[in-house]
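For reference, the structure I am asking about is given below.
Per-chain numbering from 1; labels A, B, C and D assigned in written order.
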Amino acid sequence: MNFAQLGLQEQGVILLAALILLSSFAMLAQSRILACIHAFAWQGVLVAAATAMIALVANQPHLYLSAILTFSLKALLIPWVLHRIVIKLEIAHEVETVVNPALVILAAAALVAFSYYIAMPVEKLSTLATRNTIAISLAVVLIGMLIMVTRRQAITQVVGFMSIENGLFYTAVVATHGMPMVVELGVAFDLLVATVIFGVFFFQIRASIDSLDVDRLSRLVETSEIDEMTVEEE
Amino acid sequence: MADLLNLQGWLLVLLQTVLFVLMAPLLTGWLRLLKAWLQNRSAPSLSQPYRNLLKLMKKEVLVAQTTTPLFRIAPYVVFATTVLTAAIIPLLTVHLPTAAIADVIVLVGFLALGRFFLALASMDAGTAFGGMGSSREMTIASLAEPAMLMAIFTITMTAQSTNISQAIDFLLGQGLVLRPSFMFALLALMLVAVAETGRVPVDNPTTHLELTMVHEAMILEYSGRHLALMEWAAQLKLMVYGVLISNIFFPWGLALDNTPHNLLLSFISLIGKLMVLSVVLALAETVLAKMRLFRVPNYLNLAFLFALLGMLSHVILEAGA
Amino acid sequence: MTALYATMLIPLFTTLLLAAIPHCRAAGWINILATVATTVASVLLAIKVFHTGPLLSDGKFFYVDAFNVYLLVLTAFVATTTAIFSRPYMSYELRQGRVNNRRMRLYHAMYQGFVFTMLLALATNNLGILWVALEGATLATVLLVSLYRTPESVEAAWKYFILCGVGIAQALFGTVLLYFTAASVLSSADEGLLWTSLYVISNQLDPTVMSIAFVFIIVGYGTKIGLVPLHAWLPDAHSEGPTPMSAVLSGLLLNVALYAVVRTKMLVDGALQNASSTPQLAGYLMMAFGLLSFLVAGLFLHRQRDIKRLFSYSSIEHMGLMTFAFGLGGPLATFAALLHMTLHSLVKSAIFVTVGHASHIAGTQLIDKIRGLIRTQPGVGWGLLLGTAAIAGFPPFGLFVSEFLLLIATMQKMPWLTLALLSGLVIAFAGLFRTIHPMVYGSQPEGQLPVKANMLPVYLHLLLALWLGLAMPTVLAQWFDQATQLIAGQGVLG
Amino acid sequence: MTIQWIACAVLLSLLSGGVGLGASYYRALLRWACFPLLGLSGLATVIAGFLALLGDPVSTQLPLGLPWLSWSIYVDALAGFFLILIGVVVFAVAVFGPGYTREFQHGRHSLAALCVPTGLFVAGMQLVVIANDAFMFMIAWELMSLSSYFLVAYQHEQAANRRAAFLYLLMAHIGGIAILLSYGVLAAFSDGFSFELLRAAELPTLWASIAFALAFFGFGMKAGLVPLHAWLPEAHPVAPSHISALMSGVMLKVAVYGFIRVVFDLIGQMQVDWGVIVLLTGSASALLGVLYAMQQTDIKRLLAYSSIENIGVIFMALGFAMIFLAAGYPKLGTLGLIAALYHALNHALFKGLLFLSAGAIIQQTHQQSLEHMGGLLKRLPYTGTFFLIGCLSIATLPPFNGFASEWLILQTALQGVVLENGLLRIVIPVTAAVLALTTALAAMLFVRLYGISFLGQPRTRQARQAHLPSFGMRSAQGMLAALCILLGILPAVAIKIMGAIPQTLRGLPAPEITGQGWLWLTPASAASASYSAPLVLLGLALVWWLSYFLLHGRKHQQVQRVPAWDCGFGPLSARMQYTATAFAMPIRRIFKPVWLIDEKIERSGDEQGFHTSGLRHQLQVSDRSWKWLYLPIGRWVLRSARLVSRLQSGNVRTYLSYSFFTLLFLLWLIS
C-alpha cells in the first residue's frame, strides 16, 4: 500500500499531516513568543484543512462543520486573544532563551519515532484510509507536552497546551472521523473557557510576581527543615 | 501425707526442732573455740553463747524514737521463719512428717522472708548503717540465690523430688555413689552458705567497723530480748546450712526408722559430721581475709559456675540421654 | 426519571441564578437550599434505583446503576454539609476583608457549578461527556483556588490548571483511542462512547489498543486523583483555596476521578480477559500506582508545616489505598474500597471543616503556631482529635472496617504485599499524630479566643462514620454489594 | 445466665462512660454516678466470670458489625477466668476512685475527659475477653487502646506526658496491626473470621509460624516484653493512678489472654522452638524489667518496670507450657499454663494494690519521687500496712500469693528433666536460675521501695504532713490486700476452681495439682513435691506466739524510746539516711552494662582538693532500647521523609516532566 497508488486526496491528507508535524517542531524551537503564536495559528489552519480534506475523502458531512469550528476557534480566535494579551503585557519583544535547542529538537525526533512504535498496533487495526497518520497525531500531542516542559514563559506553556488540544482533535478526526457532535461541542466549549481563564491568570501572575517566568513560581516548596525535637519511630 | 496424723510423728518433730534450736548456740560456741585455738589465744567456754542469750533476754529493751511497730515485730518473724526452716529439715530421722509441708524451694522462700523483714527493720531506724546493711545484704542474697537454686536443681534432678526427706531417702538407698555433679553442687552450696550466713570471706560476724559490716549493721539498733532473738536466729541459720549440707551430701548414719537406738546413733553421727564441717569453716575463716564488697560478686559467680557445672555434668554425664 | 433530571438541573439552575444576580446577602442560604434540594432529589433517585435496578435514560444519555448512585447521594450530602459550614466561614472571611463582594458572587456560582459538573460526570453514560464534565470541574475550581489573590494561591492555581489540563488532555487521548476501538467493532459509530454498549461488547475490543488507552486514561485521570508522581498540584491547590473548597475538593472530586478510572477498568478487564498475555494488567497498574502513592504520601506527612497540606497528603494516601483496593479486584477488596471511599469523604470533609475553624482560632495555618485547641475550644479540639483518629483508621470508626477487609483480602491474594501496607499505615499514622498532638493538647496560649464555630457537620459526619464502623445497616451493605457485583463479578453477601 | 450477666456488665460500664459526659457540668455526677456504675459493672463481671468458669461455655450473636460478619460472643472457662480478674480490679478501682479524684474536681481538668474514656476502656477490655470472631476482637482491642490513650493524655500540660501518650498510641497501633495480620493469616486458610472457623483451618507449618510470630509480636508489644517495652514505663506513670492500676494490672493480662487464645487455642499445632523463643524473651524481660526498676526513683515508673518483670515471668511459664505441649507431655503443659494464669491473677491483685497505694501516697504528699518521701508508715498506717502486704506478695515470699504461683512455675521448670532433648534440659534450668535471680532482685527492689518511702525519717515537709486518705481509698486497698493473703493461703482452692480451663483449650488434660485435697499443692505427684500453705502459716503463727509468750512471761517492763545510735557526733538528720539511688548503687555497679548511665559529680571547693565546700551528684539512668531500637527507626523514617520531600520541588516544569516520563515509561512498559 505504498504512497504512489493512493488517490490525490489521500496524498493531500498525508502531506497535511507532515506539515502539522513541521508546525509543532517550529513551535518547539521558536525563541520569540509572537513567532510561537503565529506557528500555533498556522497549525490551527493546517488541522482545519486536514479535517476538511478527510471529510472530502471519507465523505463524512458532519466533519465539515467540525473543520469550520476548529478553523474559527484554533486558527483565529485563540491566536488573536493570545496576541492581544502579549501586546497588552508588552512582552512581545522578550526573547526566551530555550535551553540548548539542538537537544530539544533531537528529543522531539526521538518522540516521533517512539510514538510510531507505540501506534503500530493501532494502525494495524484501523481500516480507514488515514490510519498511518495516527502516529503523527500522537507525536504532535507528545511534542506539545515537551513544549510545556521545556519552555519557561507562561504564554508559551499555554501555546504548548493548545497544541496538545490540536493534536487530540486531529487524532479524533484521523482515527474515528471525529467524535459524536455533542462531545465535539463540549470539548470546544471547554477549550474556549480555558483560554479565557488563561488570560485572567496571565494578569494575576503578572500582578503577583510581575513577570511571566514560570520558574519564579516556587513559593510552595517543602524543603524547609523541620526541627528534630520530637523523637518518634516507624 | 498419710503419716501426718499419728501423734508419735508430731512428738518426734517437736523433739527434733527443740533439739535443733538448742544445739545452734552450741555449734557457734564450738566454732569460736576452734578459731581461738587456731589463733592460739584462750577460747571462751562452750556455753558462752547460751549465757549471752540469757543475759540479753533479761536486759532492758531500748528502741529508737523514729521506729514503727514493724521494728518490734521483725525479730519475732525472723526467729519464727528460721525455726520453721529447722523444723522441715530432717535432723535425726529421714521420715519427718513436716517435710511434706514444704520442700527445698519453700525453705529458700522462708529464708528470703526472714531476710526481707530483717532488711526492712534495719532501715526503720533511719540511720545510715541500717540502709547500708540492708542494701549490701540484699545484693549479696540476690547474687547467691541463682547459685543455690542451681545446686538444688542438680540434687532434685538426680533424686526426682524436691522434698528433702524423699531426696535423702533416695540417696541413702543408692549407697556410696561418687557423682561429679554432687561434688560441684557441694562446693557451690558451701560457698553460698558462707555468703548467706555472713561468715568471713564475705562479711565478718564479729566486727563493729561500720563501713565493713553487713549483718551486724542491720541489727545495730536492736537491744534486749529482740537482740537475743536476732542473734539466736543467726546462729540457727548457720546450723541449718550445716545440717543441710551434711545430711544431703553425707546422709549415712541418719535413722531410717524411729527406734530410740537408731535415733541415738544418728545423733552421734550428726555431732561428728557437724564438728568436721566447723573445723573446715574455722580453717577457712582464719586463712582467708574479708573481701572488698565489690569482689563478692566474683566470689558468687564462682559459686554459680560450680552449680552450673554440676547441672551440666548431671545432664551430660549421668543422665546419659 | 424526574428525580434524575431534578438532581441534574437544580445545581445548573442555581449556578446560573447565583451568577446572574449581583452580590446578595442570601447567596449563602441559596447555596444551602440548592444543595439540600439536590440531596433530596438524589436520595429519591437512589431509592428508585435500589428498587428497580439500573436506570437508563431515553436516548441513553444518562445511566445510573448501583455503583454511581451511592456516589451521587454521597456527593450531594457532603456538598450540603460543606455548604452549611461555608456560609458562616465565608461571611467571616468577608468581614476579615480577605474577599470582596464580587469574589463572593464568583465563589457561590462556581460552588454550584462544581457540584453540577460532578453530578453530571457521575450520571452520564457517555465517556466523552464524562471527560467534559471533569474538565468543567477543573475549570470551576481553578478560579476558587486563587480566590484570595495571594501570590501563593495564584501560583497554586496556575500549577493546578496546567497540570490538570495536561492530565485531562491525556485522558482525552485515551478516550479517543477507546472510541477508536469501539467504532471498529460496533455497527453504529455514535454508540461508540456509550458505556453501556461498550460494556456489553467489551470482550470483543482489541486488547493492545485498549491497554494503551487505559495507560493514557490512568495517567490522565490519575493526575486528577492525585496519584504519586502526578500528585504535585494537589497539596498546593488544597491548602491555598478557601477551606470549604478544599473540603469539597478533597472529599468529592478525587472520588469522581477514581470513579472514571474504575469505569474504564471494567471495560479494559473485559477486553483483556481472554486475549492478552497479562489479563490483570489494569489491576496491576492501579495497584502499583496505589501502593506508591500510599507509601510516599505517608512519608510526606512527617514533613508538613501547614495543616491543610498535611491533610491533603492524607487524601493522597487514602486515594492511593482505594486505587490499590480497586486494583486488587475480587469482591472483598472492592467492597472495602467502596466503603473506604464513602467514609473517607465523610471524615475528610469533617476534618477540613474543623481545620478551617482551627485556623480561624489560631489565625494561621502554620502547625507550629496552633496550640492548646482542646483548652481553647473543646468542640474544635476534640473534633480534630477524633477526626484524626478516625482518618488514621482507629476501630470504633468505619475506616478501620475497610482497612480490616482490605488487609484480609490482600493477605488472601498477595500475602507479601501486606508488609508494605502495614508499614505504610504505621508511617502515615505516626506522621499524622506527631503533628496533631502538640496542636490539640497543651495549655491555651494567651490571647487565643474561641471563635463562633458551627460544628454540626463535623459531629454529624463522625457519628455516621462511627455508626458505619460499629453496625453497618443491611440496606447500605446490600447497596455496596450490588455495586461490588457490578465491578468484581460476584458480591460478598451472596 | 452468663450471657445476661456479661451483657449487663458491659452495658453498665458503657453507661458509666455515657453518664460521664455530663460530669464536667454537674461535678457530683462523677462521685455518685460514674464510679458506682463502674463498681457494679465490676461485680457483674466477677459473677459472670464465676458462672462461665464453673459452667459450660455459652455463645451468642450480636446485631452489631457487618451483615455477613456480625459480632459473636463466646464465654468459656478461659474467658471466665479473665473476667473475674478484670471484675475484681475494676471493682477495687471503682471504690478507690471517688476519693482519689477529689483533687481533679475543683481543678481545671474536665471530668468528662476522665469518665468517658474510663467507661469505654473497661467495656473494651470486657468485650475483648468475650469476643468470638477476629472482627469484634480487633474492634474491642483497639477501642481499649484508644480509650486508654485518652486517659494517658489526661494531664496533657507537660510536654513529656504528650510525648508518652503519642508513643503509647503508636506502639498500640503497630501491635494492633500485627495482631490483625496474624488473624489475616489464619483467615486466609479458613473461610471465615469466627474463631470456630479459624480453629478448623489447618495451616502449613511455615504459615503457622508466621501467624505465631505476628501474634507474639503484637501481644508481646502490648504486654511490654523487652525489646518493645519502652512505651510502658513512659505511659503508665503518666495516667491518673487508679487508671495506671487498671492498665498495669488488667490491660497487660488482656494481652496475655489474647496470646493464649491465639497460640494455644486457634493455631492448632504447637512447635518446640516457639516455646523456646517465648521462654527466652520472657526471661530477658523478667531480668531486664527488674534491673531497670531497680534504678528508678519515680514510684510509678518503678511499678511500671516491675510490671514488665512480672509479665516476663508469666511468659516464661507460658514458654515452659508450650515446650512441654510440643514435646508431647500434655499434663506438664497444663501445669505450666495453670501456673501462668495463677501468676497473672496474683499479679493483677498485688500490682493493682501497689498502684492504688502509690496513688494514695501521691495524693497525700504530692510527690512522685522516692527521694522526697520517708517515714510515711507513721502518717499513713493503713496504706502502709496494705503496701507492705503488696510488697511481700510481689517479692514472692512464702505465705503470700506471689510465692504460690512462683513455686508452681519453678516446679514446672524442675519437671524439665523429663524431656529427652538434651539441649532443652540445659536451657530450662538456666532460665530457672534467671528466674531465681529475678525473684531475689525483686525482693531487694521492694525492700528498697518500702524502706525508703515508708520507714526512716521523712525527707520533705510534705512527707511529714501527709494525712489519712479517704475511707473509700483505704477500703479498696484493704480488699485487694485481703485477697492477696487469701490466695496466698488457699492456692489449692483457687487452682481447683481454675481446673476447667485447660479442657476448653483444645481438650488439654485437667491438672492434678490439687490431687491431695484443699490443703496440699502437689504439681506432678505427691512424692516429687508438695507445699501446704495453710500449715506453713500455722507453723509460723505457732512459733511466733510461743517465742512471744516465753520472752514476755515474767516481768513486763515498758520499752523505752531513745534516740538512735549516732556514733556520738550529734543529732541524726533525714539527709543522713540512705537514699534510693544509694540503695541501688551496688546493683548499678555490678550490672553496669545493662543501663545507659551518665553520672556527674561536681566538687566545689579549693583547687588542691583539701577543702570541699559542696558536692553535687547527678545521675541519669536511661533505657538502652531507646538507643538501639527506637531512635534509629525514628531517624530512618525522617531521613526517608526528607528524601521524598525533594520530590515537591515547587517548579511547574519539573512536575510536568514527572507526568511526561510516567506516561512514556508506562507506554514502553506495556508495548
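The working rule: contacts are C-beta pairs under 8 Å (C-beta built on N, C-alpha and C of every residue); 3 or more make two chains touch, one makes a residue touch a chain.
Every value quoted in this text rests on a predicted model; they were computed, and no experiment measured them.
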{"item": "Path length in steps (a step moves to a chain that is touched) from chain A to chain C", "value": "1"}
{"item": "Farthest chain relative to chain C (centres taken as mean CA coordinates)", "value": "B"}
{"item": "Gap in Å, rounded to a whole number, between the CA centres of chain C and chain B", "value": "79"}
{"item": "Approximate Å spacing (C-alpha centroids) for the pair chain B, chain D", "value": "35"}
{"item": "Inter-centroid spacing, chain D versus chain C (mean Cα positions, whole Å)", "value": "44"}
{"item": "Intercentroid distance (Cα basis), chain D paired with chain A, Å", "value": "69"}
{"item": "Shared-contact residues (touching 2 or more other chains) in chain D", "value": "166, 170, 174, 637-638, 645, 648, 652, 656, 659, 663, 667, 671"}
{"item": "Two or more partner chains touched - positions in chain A", "value": "118, 121, 145, 148, 157, 214, 217-220, 222, 230, 232-234"}
{"item": "Multi-chain contact sites of chain B, meaning residues that touch two or more partners", "value": "none"}
{"item": "Chain-chain contacts as defined at top", "value": "A-C, A-D, B-D, C-D"}
{"item": "Contacting residues of chain A [partner chain C, same complex]", "value": "118, 121-122, 125-127, 138, 141, 144-145, 148, 154, 157, 161, 164-165, 168, 171-172, 175-177, 179-180, 182-183, 186-187, 189-190, 193-194, 197-198, 200-201, 204-205, 207-209, 214, 217-220, 222, 224, 226, 230, 232-234"}
{"item": "Chain B residues touching chain D - in the complex, by the definition given at the top", "value": "1, 57, 60-66, 68, 70, 72, 76-77, 79-81, 83-84, 87, 98, 100-103, 105-106, 109-110, 112-113, 115-116, 119-120, 123-132, 134-136, 138-139, 141-146, 148-150, 153, 156-157, 160-163, 166, 210, 220-221, 225, 228-229, 293-294, 297, 304, 307-308, 311-312, 315-316, 319, 321"}
{"item": "Complex contact set, residues of chain D against chain A", "value": "163, 166-167, 170, 174, 626, 629-631, 633-634, 636-638, 645-646, 648-653, 656-657, 659-660, 663-664, 667-668, 671"}
{"item": "Partner chain B, residues of chain D touching it in the complex", "value": "374-375, 377-378, 384, 388, 392, 395-399, 403, 407, 410-411, 414, 417, 420, 422, 425-426, 429-430, 432-434, 436-437, 439-441, 443-444, 447-448, 450-452, 454-457, 516, 520, 526-532, 535-536, 539-540, 543-544, 547-548, 551, 557, 559-567, 572, 574, 576-578, 582-587, 589-590"}
{"item": "Touching residues (chain side chain D, partner chain C) in the complex", "value": "63-68, 110, 135, 138-139, 141-143, 146, 153, 156-157, 159, 162, 165-166, 169-170, 173-174, 177-178, 180-181, 183-185, 187-188, 193, 637-638, 640-642, 644-645, 647-648, 652, 654-656, 658-659, 662-663, 666-667, 670-671"}
